[in-house]
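Dropping the structures in below, format is structure tokens.
You will see two complexes here that share subunit A, one where it goes with subunit B and one where it goes with subunit C.
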Partner chain A sequence: MNYFDLFSLPHSFELDLAQLSAAFQTLQKTAHPDKFAHASSQEQMLAVQKSATINDAYQTLKNPLKRAEYMLQQRGTDMPSEQASFQDTMFLMRQMELHEMLEELPHADDIDGAVNEANEVLDSEYQTLFCQLQQLIQDNNQASDKIACEIVRKLKFYQKLQLELERIEEQLFDD
Partner chain B sequence: MALLQIAEPGQSTVPHEHRLAAGIDLGTTNSLIASVKSGLAETLYDDENRDILPSVVSYQANEILVGYQAKEFSISDPENTIVSAKRLIGRSQADIEKKYPNLPYQFVGNKNHPDIQTRQGPINPVQVSSEILKSLTKRAEKSLGGELTGVVITVPAYFDDAQRQSTKDAAKLAGVEVLRLLNEPTAAAVAYGLDSNQEGVIAVYDLGGGTFDISILRLNKGVFEVLATGGDSALGGDDFDLLIVEHIVEKAGLTRPLSINLERQLLQQACFAKEQLSNQNSVSINLALAENNNVTIEINKETFNTLAKPLVSKTLRACKRAIKDAGVTIDEVLEVVMVGGSTRVPLVRSEVEKYFKRTPLTSIDPDKVVAIGAAIQADILAGNKPDSDILLLDVIPLSLGIETMGGLVEKIIPRNTTIPVAKAQEFTTFKDGQTAMAIHVLQGERELVEDCRSLARFELRGIPAMTAGAAHIRVTFKVDADGLLEVTAMEKSSKVAAHIEVKPAFGLDDTQITQMLKDSMSNAEQDMQARMLKEQQVEAKRVLESVQAALAADGGLLTEQERNDISNALFQLVEIAQNSDQNPTAIKDIETAIEHVDKLTANFAELRMDASIRQALSGQKVDEI
Partner chain C sequence: MAYSEKVIDHYENPRNVGSMDKNDPSVATGMVGAPACGDVMKLQLKISDDGIIEDAKFKTYGCGSAIASSSLVTEWVKGKSIEEAGEIKNTAIAEELALPPVKIHCSILAEDAIKAAIEDYRSKQS
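== the complex of A and B ==
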């Protein structure tokens, strides 16, 4: 069953997260194994399956990148694997620059300022790509979907950079 | 067995029956059992009016002692008296020896799940825990005046798969039905009734004797969702005692090694000092170093706070990480629940208050709050509160993954994923013509295999020979609502499959449990048969109740023929279950009859579940869909 249908939501990338969360809770209250703690083994197993599906659907729709990936998959677009090579050399160059920027952070004169600036740079580049993704998914044709897949991959690079930055921040500011 | 009744088709079935249920806090040092009595959850007391049962089991020549009686032997007979079995359960010998190098026990048998050599022979920690569970459930059945339908047992949020599985095995060995394993912090939040009329983020700060846990929960319309858990399995109130001991040793100018007697004296005095300093500003410690050589040492609150501060700060750093993992901010935290005896330390309370910027909840005894929450949940799960709106959604505490080339771990289910969950990932072969694949299941956050906990290894054989990278092996991880893992692997083109319940690696396997059960019974074979028969009868009763309720509610989804077939199968089941006492093959016969009913109702059950899921969102009745 399509995850959007499961939660009675329109098939749209723009999602009302509060509505999603409310639907999720209502469904879990129906299907969670705890509601079947005293039922037969057959019903208990069924409940575990349904509850797992609902959990997976919720996690998928809640996270914008996973949601995008899911929608693209449902439209029959194949996500290139993580190892597949990247054609966009400009993008790769930029990634290397950003990596260097993060590596330099601990040596900055004003560490606080440098960390803030790094956060802003990553955020703003992420947002630019994300807006493109929103538009492409809305366009909903073969060509746009293919580009959208590439952008999802790029956004994942930014997510990794953000994690890396958080790790560095923790090291710098924890006693 | 009481006669089973069958209602007219279409009629509502069993009138509501109050089922006895209890919550058990199976602690490292102490254990408790609680139950809901006339609407109120309270801990249950033994004949001597004590609710705490020390988690100690002593194996004497002719008897097994549990609790206070056992504790009396902990100093005179340490090899045969097992304390803190919770630290040993579901752990390998290497693990135990690394973490607790000074235990008095002699470990024997399988190194993955070692036994302790006692005068009654080798004893597994699972058996030790089961003795504690037996003692508690016996107390409850006496106090409540009937047999328990089931129990909720709490486990630390940090417990991994093997530890959870072993806890469940202990219950099985004790003959107790586990309705659910519940994370201790979640139980504490339930105890404070935070589910009523509140929405927001709750932090549960649990500082026990030997462990620290922090959990961040989100509460919304009666749903508890565990957003993140964290903590330190080797940090607790005992560490405060040790710091005081070191302080006294230094102040008194003592040099190690000291006699065992003096070490024990020091520890007792330190614990005493810590407790006193909760209510007064200074305390005097008297030590008898030798005859006519007494030393008095003064410790004031300020000194204690200086000593304890680094430990408290360490807990707050774990809080910070958990808050971040949960994706929330400190300002969103609505309530902080305090659990564990060590939260009585004023410094702990004040530092927690400062960090979270709100006064923590301390009105329920921090030693009992977990058992009370477990009792409330047990009451609900047993079906005594059909209108209850609470639903506890737990997460797995540690990531689960498998080993890939180069000793790296590929995570399949990241930590803090809501359970139950099923996730699959595809892998491929490394060499041309490779026909087998070793699958190594791991738990932990680190990238290297050697830094993670090995849960199980199994092999997928009979993969058709192909070029490297051509085979598609799909590995599926399933985690149930108790946090227990099952792994399957399948080669997609040939459908060759292998499967493992992640259990034998660090827990006991089913044959071992059965053997232990037999060993614990005087008339082994006969008692075993009686017990298995009883289990089948209970399952028969559940099937009957479930299916009847289903027919009454949604019988309209079936054709008349289907309804008749199901009714006939139920009659058959009832007949076999009722006349089982003289029937030598009763166990097998009931099992077969249940399978028959299951087969006939499989589609119906799925249909009902799907319909109820759809109607949950639309608010319609099932029949109208």
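== the complex of A and C ==
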């Protein structure tokens, strides 16, 4: 069953997270193992499976990149393998620069300022790509879906940079 | 997960870290990335007029296995012709470093980096 249908939500990339969360909780109660404590073992097993599906659906829709991948997959888009390497040289050069920027943070004269700036740079580049992704998914045709896949892959690099920045911030400010 | 001794050695003492001028016609640059883990790898080769790799440098942002794979590759390609370098297989890298199955993609990335560099060199030559 389609994950959006499971939660009775419209098939739209823009999603009301509060609505998703409410639908998830309501649905999860109906499949809670406690409700099946006295049921047959087959019914118990089905409840466990249903509960797992509801969880998968929720985790997929909650995360924007996973949601995008799911929608593209459902449309039959040919997704590049997770393991396939990415070779957009210009983009990767920029990634190198951003990693170098993060690497320099602990040596900045004004560490607070440099960290804020790094956050702004990463956010703004992420947002630019994310807006493109929203539009492409809305366009909903073969060509736009193909580009959308590429953008999802690019956004994953930014997620990694954001995690790296968080790690650096923890190291810098925790002691 | 424990890293092998060879991975740790390359990670702690990476060989040939650095950059060359990517606009130099005798320098081939291969850039590859792995979206799944966000690793970015740059491999640069200095190639002589008769097609021999005289020097190699790398810069990798990624896990220990990705750094070790690219470090090892810079050692292996030096002195080889570009044809020989193009034949280096990820399986050989993975075997040398005793990479566990979940880290095989790091060796694939290193192999792809060599191929990307050779492609860059060929496009510069033509």
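Going forward, the second predicted complex is superposed on the first by the 171 of 175 C-alpha atoms of A that agree within 3 Å, B and C clash if a C-alpha of one lies under 4 Å from a C-alpha of the other, contacts with A are read in each partner's own complex, and residues count from 1 in each chain.
Everything below uses one rule, namely that a residue touches a chain if its C-beta (ideal position, glycine included) is under 8 Å from a C-beta of that chain, and two chains touch if they have at least 3 such contacts.
Quick caveat, the model's predicted, so the values are computed rather than measured.
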Pick one for A:111: touches subunit B only (first), subunit C only (second), both, or neither. neither
A:160 contacts which: subunit B (first), subunit C (second), both, neither? second
Looking at the overlay, what does A:15 touch: subunit B (first), subunit C (second), both, or neither? neither
Is A:99 touching anything from subunit B or subunit C once the two structures are fitted on A? First, second, both or neither. second
In the overlay, answer first, second, both or neither for which of subunit B and subunit C A:89 touches. second
Touched subunit A residues, subunit B compared with subunit C: B
Touching residues on subunit C, where the partner in the complex is subunit A: 29, 31-38, 40, 42, 59, 61, 105, 108-109, 112, 116
In their shared complex, at which residues does subunit A touch subunit B? 6-8, 21-23, 25-35, 37-43, 46-56, 58-59, 166, 174
So in the complex, which bits of subunit B are touching subunit A? 19, 149-150, 179-180, 220-223, 317, 324, 380-383, 389, 391-393, 417-423, 478, 480-481, 539, 542-543, 546-547, 594, 598, 601-602, 605-606, 609, 612-613, 616-618
Interface residues, subunit A side, partner subunit C - complex: 82-83, 85-87, 89, 91-93, 95-96, 99, 153-154, 156-157, 159-161, 163
